[in-house]
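Next up, some structures in structure tokens.
Shared between the two complexes below is subunit A, which pairs with subunit B and subunit C, respectively.
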Partner chain A sequence: MSAVLISVVIFNIVLALIVSLVFVPILVWMERRVAGFIQDRLGPNRCHIGGVRLGGIVQSFADMLKLVFKEDYRPNSVKEKLLFRLSPVIVFVTAYLSFMVIPFADDLTINGETYMMQALPIEFGLLWVLAFAGLGVYGLMLGGWASNNKFSLLGGIRSAAQVISYEAVMGLSLISMLITYGSIHFGDMVRFQGELIWGLIPAWGIVIQPVAALLFIITAFAETNRAPFDIAEGESEIVGGFHTEYSAMGFGLFFVGEYIAMGAASALIITIFLGGYQIPWLNTITLKENIEIVMLAILVLLPAMSYFFARWIKKNNVWPDPDDVRNRETKWLIIGLIGINIAVVLTLIGLLSFGISSNITNISVALIQVITFVFKLIMVNFFFILVRWTLVRFRYDQLQNLAWKVLLPIAIANVFITGIFVVVLGV
Partner chain B sequence: MVDIVFVILAIFAIGGGLGMILFAQPMYSALSLIVCLVALGGVFALLSAPFLFMVQIILYAGAIITLLLFIIMFLNIKDDNLPDEPNKITTIFVGGVLLIPFNILILKAFNTLPSKPMHILGKDFGDIQSFGIELFRGWLVPFELISMLLLAALVGAVVYARKGSVDG
Partner chain C sequence: MGIKIIPRHGNTFKEKLYLPAIVGGLKVTFSHFFKNLKDTSNIETLCYPEQRPKDITNRYRGVHRLTKREDDSVKCVACFMCATACPAECIFIEATEREDGIDEKMPKKFSIDLLECVFCGGCVEACPCDAIRMDTGIFSFVKKKKEDFVVDIDTLLSHEPMKGGN
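For the complex of A and B:
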């Protein structure tokens, strides 16, 4: 094992940790702010550390501290203590493990050795994700059952029924994608999506297979138990569903697990349908050939965008009282921005003037692709949140009718048509 | 290393199997079955069959046991609904003793196996592509026949379910 291999693996695992765990407070913040704006209010924006509020992100950390330090109360009616404690852990762990096979960048070549940019470098990533999507539901079911409470039991049963029906549709929508890409390796899928159709449109999954994309996005919503498919917790009908009896960090793990599952579903949608880490019209080879132009573009664009961002902060974060702590936030943020700019610009100028070796080209391409992936991840998560606060919850029978009578026939027809296309055109 | 992993997986598989038989509460039986199936999946992974490993987890641990648990939860079995099993330990012991000849037979058969060189197989053994080519070239007719069988079972289940709802 070389030092390079170990550092690449550690980098990928840390990255998987960041995009799953560290993203949770940001997603909670996004959720609350978006909910606030949709309901014509502001959402959390008061919590601060020395005046720094970051638009309210600090509130999420305060919430997390609250959950950690609350009394972990377990009702006496709970008989199966082990399962009661185990089920939030199952939800959390399965959601987290499905992040392990998402490729964050194209295969990285350093000193002639190629490394897969996944936390777990295996080639059957799609099966891995499907397996953990199936195991995750045990957390909800067992939590609902072990709570020894009618509402919780109903929530558990509902989530089981929902996952059983939607997993069938999800599998079938993925089969048509497998026929299209001809591989179950996520890396191959994303490389396929780096090409162009007729030299014009990026060959993203959503362009080639819009029906499968729609089906998969719907089932991904159902698998993550988010509105409009959140009948498992349906607070207006069954109190809190499977997590009624949980308090403090037991509930916290369910809560964090839900956001990690949402992130994992977004990462899957990106990888299979939205081009993964690829920038449209700039696939890995083009990026590597034009790395100097890309660096120059970053050199010009980053300071310009930071300038406008700083002006926006200065315009919007002004308080009449000069001693107001919130005025300090402007100062700190602008100092931070300038620091980032100086660091990036100096690095880029240094690289451009001293010449770029092939290792540095490969590493910078990988970094650019990681940033692209994270940007796409935030955008798809934003879409998840928008849908949650726009659509109303399905009634139980509507949910099952939709799965078995609408989505399943469409999915099977889609597989059939895709198969005919591949056989007739011989793609 | 491989032996240690195998022993751990085997302990989990046997423990899960025993738990499935011994627990009175059906929920725990189903959960023990999951442990057993996941451990068997691990054994498949050890035998360089990653595709079988993933399919074992997706189908058995993921889908079939979910269905089973769903039904158990749906029935909501209480402790006093469970039957009395006064001679459970004796019955299991007698059953185990009766199975000893069969175990001896298997051990004998195992010992007569010709010895083969044990080495790590090539990278593409048991991966999805070679598996699929083998399945759909050499074993296409059995594969289709099994899917017909499953389809027949599915249609039968639907027919029975409809009969109940029409007649009340």
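For the complex of A and C:
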């Protein structure tokens, strides 16, 4: 156990914690603000700590605190007390564990030793993810059943039926991807996507297998119980679905679990279809060879982007009452932005002038890839949110029709066609 | 009158594919999002306690006020017409003799319980000498104690008619 190994493992676990747990308030905030902007209103923007609002993100933390300190009320009609308590935990834990095998960057080599950049360094990541994606629905089913309430039971049944239908399609769309990549290790998949087709287009999964990508994205929406597939919740028909009887942090865990599942689904879509941590046309080897050019590019691009961001903050971060403490925030934000810029620029100039060793090259490439991954994660999550505020909910029979009569035949045909291609072309 | 045949939608291949329609919807929502993200000042939302609504009409029935004569004395003659007309029975008047010779009677006490008041405007209709009006435009009236909602004659006289309005 060297110090390097321990620090890499700790870095990965902390990173997995950040992109799953810490992302939840950010995602809730994003959801509410994006919904507001889509519907031409403002969304939460009032909550502040000493004037710092960060665009309203403080509201999410306030809401979480409220959920933690509320009375956890359990109706007397609940007989299965253990299952009632256990089901939110199942939802939360399974969603959280599927994050553990997502590669955040390419394998990191320090002092000749290679470390896998996953929180759980295993090579059968896809099986792990499939196992936990299927387990997550047990939480909803058990919660719906243990609530001893007709609406909750209906919600649980709906989510079970939905997952049975969509899990099949999801598995089949993944099989065609397995045939294409020839591996169940996420690292191999992402390395495959770093190559170019005919030296021109990045070989992302969505380019090679657009049908499988579409099927997987649709089923990922269904798997995470997000609109337009949120019939398990169905607040307009069955009150709250499976979480009708839950209050305080029991509900909070369901809520957090839903957002972590959304993040995990986004991470899976990115890893399998959107090139993972790869920047298009700049795979790991190219990045390592041209690290000085990349650093120079960051040196120029970061201040330029920060300048436009600061202008945007100045224009939009205003509060109607000029004497309010919230109006001082803009100044602090811009000072912070300048501080970050100075720190990054000085570090980069120092690295460039003192020369870059191979260890530093590898670490900085890994950092660039982590940032790319997080950026892609935010973008795909934004897409999830945009879809939720665009589409209406499916009716239950439409949902089953779509799964069994449309998606499943397409998925099976796709597997066959992919297989024939691979056998005939011998790739 | 011929029979009008309305074409059924949803049977062409493009419509059955759903995806073009979904992409169209995403385009609409994203354009709204991007427009508002670029410049939040376009959003109509009122940040309420800081920004006050400016579109209260003249006929809006706000909290009452007692009007005054030209010499700033109270116009009310304590005829009890408003208290009689009031369906909520929330107007309490105590009459006294008027000493300055302008009129015979005036109210010593004139209080309205705003928690009982239903803001029907009946008192304004009933008043024979235009002494009570509801044109202040005050729509939010917040106090800490129940007793504070019974406003007395001095408060009612101090209310000003709404400025501007449309």
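Operating definition for what follows: the second predicted complex is superposed on the first by the 422 of 427 C-alpha atoms of A that agree within 3 Å, B and C clash if a C-alpha of one lies under 4 Å from a C-alpha of the other, contacts with A are read in each partner's own complex, and residues count from 1 in each chain.
In the analysis below, a residue touches a chain if its C-beta (ideal position, glycine included) is under 8 Å from a C-beta of that chain, and two chains touch if they have at least 3 such contacts.
Values in this document were obtained by computation on a predicted structure and should not be read as measured data.
On the superposed subunit A, the two partners subunit B and subunit C both fit, without a clash. In the superposed model, A:420 makes contact with neither subunit B nor subunit C. Of the two partner chains placed by superposition, A:343 touches none, neither subunit B nor subunit C. Looking at the shared chain after the overlay, A:321 reaches subunit C, while subunit B stays out of its contact range.
Of the two partner chains placed around the shared chain by superposition, subunit B is the only one that A:135 touches, whereas subunit C remains out of contact.
Within the superposed three-chain model, A:389 lies in touch with subunit C and out of touch with subunit B [touch as defined at top].
For subunit A, the partner with contacts to more residues, out of subunit B and subunit C, is B.
Rounded to the nearest 10, the superposed model shows the Cα centres of subunit B and subunit C diverging by 120 degrees about the centre of subunit A.
Touch criterion met: A:41 reaches subunit C, while subunit B stays clear of it. Closest C-alpha contact of subunit B with subunit C, superposed model: 27 Å. Those residues of subunit C that touch subunit A in the shared complex are 22, 25-26, 28-30, 32-33, 36-37, 39-45, 47, 50-51.
Across the complex, subunit B meets subunit A through its residues 27, 31, 34, 50-51, 54-55, 57-58, 61-63, 66-67, 69-70, 73-74, 76, 127-128. Within the complex, the subunit A residues that touch subunit C are 34, 37-42, 46, 315-316, 319-321, 324, 386-387, 389-391.
Residues 83, 122-124, 127-128, 130-131, 133-135, 137-138, 141-142, 144-145, 153, 156-157, 160-161, 163-164, 167, 184 of subunit A are the ones that touch subunit B when the two sit in their complex.
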